[in-house]
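See below for the structure under consideration.
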């Protein structure tokens, strides 16, 4: 929501991120280890953003890093972790346990319905009756109501209107007409529900090319577009590249070694230690390593090999 | 809604339509003069369906013909007519004035929200406050409610769950995975909200081809698929063919001449006078005339010529 | 745009220009059904003073189309030409419910002094004399849209078969399909509606706004050759007459050239009386 | 499917088969997050007794995928391979709210005797000892889904750092992320929830259903080499023991062959103890 009728949306990363106010509600695109707007997130940390509130579904390194970088105060996500692969999210877990981050654990369906209320211009939405869980204790705002027609009980939830959606996508033209290839996850919903959005893309293409391929997100929903190839690294951005499991395993392993180690050896190196996204890309291995991640589609064997790699235990 | 997990959906027109019970609520696909499931509608009339209730947005010849053929008892559409082009819908208008059809005039937004409630598994939905119109007098079921969070007033409407969606689309495979090219109008919503659906298509393609091009409607939402090339005639089915304005102008002109004339010269000829869709296609000019309608994309001039043609006043 | 050969303008062109002028640059605009003249006006605004308008062309949900011609039925796929992206119809309605639709154009078989529109029925609910097609999305969008422009190509008095004088602009509509500024009972503000209602009325005789106090239609400009008396003779209520009534500013030659190029099929002319269309106005 | 070389099976394969058997042909199935074993089970059912299952593979929203391997993270695009159509994530949740999702698989860091699951926190809301990742969609889908299958690869007693005995299957969870059959206050039926709740529990030691009266987990079958005493020693509450407890039917060689082909990366083995994985069971 919010109509951004200007047709000049190209922006530098620094400039785009500088527009996000401290204390904003932020909807982050992608999920788990897929297509998360990691370059935007690193810049948010570098710019010292604070007191933010995330809203979303099942996420991983994005929310964990935003916690570690001091950006998030409240996390209203349905899941933050690395699944069976690497387990708990180390920084998120630690900071919640240390009461530095407030967990407002929610559910994928609640997130959907609350963002929908915003999309539909409504102050609340009903959803199918939920009951009996302690998630409800964390959310005293849920209200039970009887349908005036059938008497069926439903649960009401208030609209959530994020101040910013931050998304990584495949292509945009300079107007901000954005092409996103499936899977979409909840990205289209997040952009439509949010007042503003920053979209980083693998590639800027001409208006002509965008008209040819057809956009997925209309330009009027987009506040700013930043060209950031590999902007989702270390998460995947199929069909361009798979996720960097070596980097993620190092990330989790450093996170599990505590605040100091993570601060010095991860944040200090990969976030504060680089001045921009280009330096980051060089630091994580440059075109050689990144080019590897593009080879997932050479064969099923290559793909599997890339999804197995991790840093050695030492 | 309704999960149709069988993977064998191919059906004859007669058999598919025979499954629609009298008294059903029906959501008709397409709109105005575009991609309406006219062959299915003609078969409904031939089979003597009665007492049905349509729900939908802005429509034209489809609803008008269903009225003329005695199928519809109640019309809950937001618009039934031929716009500035041919004006009022002759049979709908006459039968409403003669109290043979009950008009439950509604609004495009109400239809959307009421079908959505069904898609969302809810007995009702809120929508942005509406007030002050006499449309509300026709719909005493609308209820005003105050948001428990903000106090903002909203209007509640009950779910509408059509028994059948009838849609004309471009392609299907035998499983019922359906490809629909834009414009979608409200067809995806109609199918998702309805208990059952019959989809006629221009062409049945193999599962392999459908996997290649990617389906738009998942097979589990589809009850039956019927292959009916030109199944939308006399409405358009872009990119395949434009609408047959000569036929439509004759239709309206016969309708304006009253019940008897329309019954004898239109229904008697184009609906009851043919035993199946193939005979209908021959009667309206066969491949020669139908091939003309495909030439819309030869040039802008040809396209304009086709959209200007009508029967001469005599 | 070359203006060679643009020697005169006609009423449809004048109205299209007046309607286009109700659009501001950057406005979000939608029109759905029965809209040859609004499409012309919107596309004209788009190509002149409102290049940043956000325009959904019809029920096809194509954004900012650039069609080679305007179609006789607004559901025609020519309105997808050059459009990007092509979205879902419901997104337009959601945008309207969010209060993000700035303007839409509505006409009416009957239009009353408060800007209420009737597109549902002539007569009464129990005794329908003429069943009209219906309001499409205008009942609800009329409640939410920032504002709407009312237009009519039949601002005239006709004599019915029974010999009665019949108006399009009536004192009171038979049925409120779309709410103007008030019913007999309540104002739009009292109802807490989010949309601002009609702010301009463009007819084949002149243009109006609404008196801020009474919310009654107020004559602002007269088309060339039309007098206040003509207006009164063809209107079923007593309009407020602004003390600064002037002549409607004419279109520019360039605007007319753009209109004729946009709408080579002249769909914009549908609905006007034959006599009205025959008049040629000099620049 | 050739069964040459299929000489034994392992605990992950036995569990996958037990889990697959909770699926009926034609069932609508979804699993979202942290699901290597459920994906294996669902794909196995799909390729054996439930070819008409309707399966949404993960948060990518691809229907009936046919991936060349199963990925370590369920958001990986390999789960779109062969899928058609690829829809929107919200359509799965809507389908669940409509009551059309027949079955889903949920695990828990803690699982109590009524089938309540905890994936949110260990400790209490005011004193969180371990922050778990969260329930993803299981809190709400658990209320709507036809039924769900509970699974656990850590049905065991461990000794904590403080020397306490710690269970996965506990008497009472620290936090109800997903409702089983009842809280201490009310049953699922009393709450008017539309979903049926958990009907089967598959662990690395055996399989359970729920006592119809008390809604407490009831032991149905023991995996090879496991005794009722082993179950009791590794369970934090007193399970009901069915008087017809039998040995868990073994997988067929063909089922095991299909599993190994489906999951060449052996993602299904993640989370099991090393000892559990080392045991080889003969057919």
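To keep things simple, chains are lettered A, B, C and D as they appear, and every chain counts its residues starting from 1.
Keep this in mind: contacts are C-beta pairs under 8 Å (C-beta built on N, C-alpha and C of every residue); 3 or more make two chains touch, one makes a residue touch a chain.
Owing to the predicted nature of the structure, the values given are computational and were not obtained by experimental measurement.
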| item | value |
| --- | --- |
| Set of chains whose contacts include both chain D and chain A | B |
| Remotest chain, chain B as reference, centres from CA atoms | D |
| Distance from chain B to chain A - Cα centre to Cα centre, in angstrom | 40 |
| Whole-Å gap separating chain A and chain C, where each centre is the average of the chain's CA atoms | 44 |
| Centroid distance [mean C-alpha coordinates] between chain D and chain C, Å | 60 |
| Chain B residues counted as touching two or more neighbouring chains | 120-122, 127-128 |
| Contacts with 2+ other chains: residues of chain D | 86, 96-97, 144 |
| Chain contact graph, described as a line, ring, star, complete graph or other shape | other |
| All pairs of touching chains, each written as two labels joined by a dash | A-B, A-C, A-D, B-C, B-D |
| Complex interface listing, chain D residues touching chain B | 26-28, 52-54, 63, 82, 84-87, 91, 94-100, 144 |
| Chain D-facing residues of chain B, complex | 1-3, 5-7, 118-122, 177, 192, 210-211, 214-218, 220 |
| For the chain A and chain B complex, residues of the former touching the latter | 120-128, 141, 143, 145, 147-150, 152, 154, 156, 158 |
| In the complex, chain C residues that touch chain B | 32-36, 59-62, 68-69, 71-78, 80, 86, 88-90, 93, 96-97, 120-121, 125, 128-144, 175-179, 182-183, 186, 188, 191-194, 264-265, 267, 270-271 |
| Chain C-touching residues of chain B, taken from the complex the two chains share | 30-34, 57-58, 77-85, 88-89, 92-93, 96-97, 103, 105-110, 112, 116, 127-135, 137-138, 153, 182-186, 188-189, 236, 238-239, 242-243, 245, 300, 303-304, 307-308 |
